[in-house]
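Next come two complexes, and both contain chain A; in the first it sits with chain B, in the second with chain C.
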Partner chain A sequence: MTQDCDDPVVLNQWHPLSSFNEIVVGQKHRTVLLGRSLFYQQTAKGELFVWSCDNVSFVLPTKRAYGFLWTSLGIPPDELFAVEEIDEPDRQNVATGVFGVNVSFGRAIENFLDMGHFPFVHTGILGEEPHTEVKEYDVDVSESRDEIMATRCRFYQPQASLASAAGADVDYIFRVPHTNCALLYKSSPGYEAEGRMDVIYMFLQPMGPEWTRAHTGMCVIDVANSYESIRYFQQIIFGQDKSILENQFPKRLPLDSRAETPIRADKSAIAYRRWLAKKGLTYGVIPSI
Partner chain B sequence: MKLYDYELSGNCYKVRLFLSILGLNFDTKPVDFYPGREHKSKALLSLNPLGQLPIFEDSDAIFCGSDVILSYIAENYDKSGFWYPKKQRLSIDNWMRVADEITATASAARLHDTFFYDLDIDTARAGAHRLFRILDEHLWFSEKRGDDWLVETPFPTIADISCFPYVALSEEGGISRMDFPAIRRWCDRVKRIDGFITMPGIFPTSKAA
Partner chain C sequence: MKVDLSQWHPVASSSDLPLRHVYQGQLWGHELAIWRADDGHVNVWENRCLHRGVRLSIGLNEGSELRCLYHGWRYANRTAGCTYIPAHPADAPARTVCNNAYQCIEKYGLVWSVVAPERSFETPVTLTDTVPLTLRAIQINAPSDLVQKFATDYPYGMVTHKSDTSMTLQSGVSELQLFFQPVDSGKTIIRGLLIPQPIDPIVALRHHNAMMTALRDKIELAVSGLAPPRAIEVEFKPVAKDLAQMPNINTAGPKVELRAKVARKWLTAQQVMAFRLEAFSEQFPTFQPGAHIDVSLPNGMLRQYSLTNGPGQTDHYTIGVKRDVASRGGSICLHDDVQEGDVIAISAPHNNFPLRRDAVKTILISGGIGITPLLSMAQALKAQELPFELHIFVQTKADLAFPEILQDLDALTKIYMGLSPRATRNVISGVLANYVAAQHVYICGPGVMLEAAREAAKKCGWPDEAVHFEYFKNSKEIDDKTTFEIALSRSALTLQVPAGKTILQILRENGIEVPSSCEQGACGTCLMTVIGGEPDHQDVYLSTKEKASNQKIITCVSRSKSNQLVLDI
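Then we have the complex of A and B:
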């Protein structure tokens, strides 16, 4: 936990600290980012402060985006990745809770991208036997936007979301626009014809190389179900993933292509590992030699 | 019958699990325990002033705490009489006290690691290891006698239901069960009880005994 991070790739990035739902105005909150103890506070006037006080106290940059407070320990870019859907008026953007997971952020992102585990880990909800096949899908790394996209993904789900009435084949798109943030887009029940999709995201706060604070949320076209019930549904899903993640070994993500044996369904994970390796990331991973 | 329930709570799961094993139908009222802290809301404090889950409602009476609820259900709905047999009650109650200790240590470690509760994680983990050692030894000697369960009966009792969840969730608090083989075998036996259900973090086991 006191291990110092000297990796410029993660240092010079925005990292999520908290959903604004959970920030009590005036109160000093405490958290850990990249092994450093941080405080954050929102004043009654709405000003935001994040500061570190390991030795000498100093103030860190802040950003408000997607209902979350973000900060950086280095020199962050001006802009964070875009999520246009957040601004659509007929959606609810629901922060579904923040959870500690004893694993590296890279392992958590990979699990988020993986459809193969649905029938076995989210049995009866996001998958069920015998519908276990991960059909061929496309993966692209966009040079201009510097992000990974997996498209044409399709999976049979008994209860794809709280608003689903019955099992259905569900279309998915996955996006990794940030080393420790990923989003997925899936058919929104009732809006399939219009091609509109629900957005589910996972913004990960690396507390240590093998300790992650996972901020989860969803931006759904669902006004029928309450904020609380959507949050509850998503917590059950994440609760199922958590113990699987914590049993991964090694806990850091190996970037060497020979370290683990992927199958075809892992195409997006392979692209993710290559993308991280190309960036020269060293924190929370086992770099390739 | 109504259970005020939080899906990720091991104590609520004890009640869901037992009701499922007995094949009883019940309603649930999901409580926004985290992050909403609804168990500390006025409405729920009026049901349980301690501000804890689970809370169980049956024929206009309110029962709080998983042990009280388990024994109430066993006494009133278990036709077999095996789950809380009169002769073994002292021993069962003792194991339910051990379950409380497991909650105070293994579950506390899980709350720290998962939900960011502010507590001394090393003390919690050390306490859990000490209890797991006692439990493992007890189960090992039971197996040698040919017994499968915590209390010396041919059938599982609510002592097993009460001790199981936070043992099975221990890894979420950074407590491995690698060194406790008798505990691992007992967990598998619990998972093979007819009517067993899972919760997030607790997975089914293979059918073969």
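Then we have the complex of A and C:
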């Protein structure tokens, strides 16, 4: 798995390493990013350090954002993508766990954007047969923000909110502002009238081309649910996806349009693959011929 | 090691395929999903759903179809064609969405397959006319040429025969046949057959299991110091061009490109002849419930008949033909002139009457011979255990076609006999009385009955999109006297449609291929999208709501009210 990365698109990007919840101050932690072994540490003064395990003098840039420590193996941009909701005072930003998954980050992002699998993989939670239809939605690649947005997404959820036992369509918005980070916005029970939505995010740390750690979190307007129950819920969902993701073949995301068979429901995935291809990304993907 | 993809190898034991199981195999690095359908047929497919690459070996064997675990796509026994995409329940999948299947044969307790065949399966000489005992397969972490070299010392008897893939050892009158399945460059499975069956098979199985295990240990010890060879890189075949883009619904023409043999012809009801059509060598394409085929008749006519097949019945098509003396002679020709053993030309299935499988309940209503597409639907719904009712209207018991299929549907079926049109209408109104959201009704029968059912559905509050119907024919008088212009937006072409010619004819005359089937405004195959102008709808295919929206047109009969019609082609 320790294969060196020579893809400038991926090298020159910020990547998440850990949520601050899991960093023990003063302790040296070890991880892998793009095939390189790294140490990271937060000092008692709050200073952050990331350096190569093989070469102490190879010190990497650091960034603190959204409750996570980020680093880069190249020359990263000044700014990370924006998530305005995180600063809203009545929200809780909860890291919901880290999951290792033996698949490329691209496959994991596609799974995150996909609604069609809800009734089959998250049966009884995010979907349920026979309510399997993926209704038409819109996908845009915003040139100015360089991100993919899928809007007007709706999907039937068996228990639409904690308040009601009945099923109903739930609204979603999906954002891919980074090659290996995605967010979804979902109607927040009790706040539908105000149009406020919960934010669920997945920041992926590409350990290798076919090996990923998913840092997940939620930014919710929800006082009723405990931190533990939110974490537990996300772990069930990711556990269900993991067994599917690790059975995807090939493990790298194929960018060639003739590699697999898309349908209308896969519009956002098609946009994502094209967007990656246009960036010239080669790491963790099978470039189109 | 030489990789020869053209050789046949055993890839599973028959006992690896118990009821409703999917077995994961591998040959020269190519992963295989191997499963037996309830009808006994064994399928060896590439272990990858063509939608998103998920292994089919983690899918569900539902007896006649294999369902992918990720998005619930269903693939048919034999053809490997996709029959249903749950994300778009109202669409029929393009019939060419097909997983990659390998040739296979089940013989001598083994399933045989090949990656890139150059010739068909040949029975190893030593196996002719035998019923051998299949030994437990043993996987060895070593390349197959090395395994073969060591296997010559297997403690059984003299090596009397050797090929690239197998070896025969002789001991008195008994023989041990060993096959070497190259799983990957550094992995081999030995599959053994003992001929004849020993008197005590358990003892023989135990003995050979112990001997084979010892052989494995010996070989693995011998290669333990060597670096494992690189795994074989498997090339993934790209999907067809038309599937790679956002899908179009049915781009194929009305060609009767398939040859079918009339394997059986029988009177299934008074005046209704059933035909079982079988393919010669090629597999018939996948069908979905509600699909019909075009049949080219010896008298030159082209007729449409719905398939009655249940899910997974992919080795034949069955149609039912009502003798209609008043018609133009299609049914009479089939009844009287076409005999068992004859060869006829048919089209691949079109599906303009697709069955949604996301309804909370499905109601099927048939009149007379209109039962045929609904039989296919009812069997699919039953197999999937989805709630449905089948209401059948016939004159007498003797008019009930395909009673053997109905028998299997038993409790879910209601038959009404000899009702007057008025009584029929009342029964239908009763059936449709309590509309609940996400119910769907499918109606097929004579025009009068269809109109009555559609009216009843409307009165009971059924939305247009929940009412699906298929007419036998368009009995409306077609007015073709108008003249207008059609602008083809994507082809940047403007054409004149004179009186007496249809849009479809004009398109074809100008080299534009348009799929069509009935060409009388009933089947919906020649449907096109309208971008501008006001169509003059003359078909019986589109619903009232669809007609009013002016976004679709049936090009074989409908015309234009405006001077110009802009079509999305």
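What we mean here is this: the second predicted complex is superposed on the first by the 278 of 289 C-alpha atoms of A that agree within 3 Å, B and C clash if a C-alpha of one lies under 4 Å from a C-alpha of the other, contacts with A are read in each partner's own complex, and residues count from 1 in each chain.
Definition applied: a residue touches a chain if its C-beta (ideal position, glycine included) is under 8 Å from a C-beta of that chain, and two chains touch if they have at least 3 such contacts.
Treat the numbers as computed from the prediction; the structure is a model and nothing was measured.
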{"item": "Partners on chain A (chain B, chain C) - clash or fit", "value": "fit"}
{"item": "Partner chain in contact with A:S52 - chain B first, chain C second, else both or neither", "value": "neither"}
{"item": "Superposition-derived comparison: chain B or chain C, residues of chain A touched", "value": "C"}
{"item": "Partner chain(s) touched by A:D256 [first = chain B, second = chain C, both, neither]", "value": "second"}
{"item": "Touched partner set for A:N102, first chain B, second chain C, both or neither", "value": "first"}
{"item": "Touched partner set for A:Y232, first chain B, second chain C, both or neither", "value": "first"}
{"item": "Apex chain A: angle to the C-alpha centres of chain B and chain C, given in degrees as a multiple of 10", "value": "70"}
{"item": "A:Q41 touches, of chain B and chain C: first, second, both or neither?", "value": "neither"}
{"item": "Contacts of A:N247 with chain B and chain C, given as first, second, both or neither", "value": "both"}
{"item": "Nearest Cα pair across chain B and chain C, whole Å", "value": "5"}
{"item": "Chain B/chain C common contact set on chain A", "value": "243, 247"}
{"item": "Residues on chain A engaged by chain B in the complex (per definition of touch)", "value": "21-22, 97-102, 213, 228-229, 231-232, 235-240, 242-243, 246-247"}
{"item": "Residues of chain C defined as touching chain A within the complex", "value": "31, 47-48, 50-55, 58, 69-72, 85-90, 97, 236, 238-241, 243-247, 357-360, 386, 438"}
{"item": "Residue ranges of chain B touching chain A (in the complex, touch as defined)", "value": "7-8, 30, 32, 34-36, 112-116, 169, 171-172, 174, 199-203"}
{"item": "Interface residues, chain A side, partner chain C - complex", "value": "110, 116-117, 119-121, 129-134, 243-244, 247-250, 254, 256-265, 267, 270"}
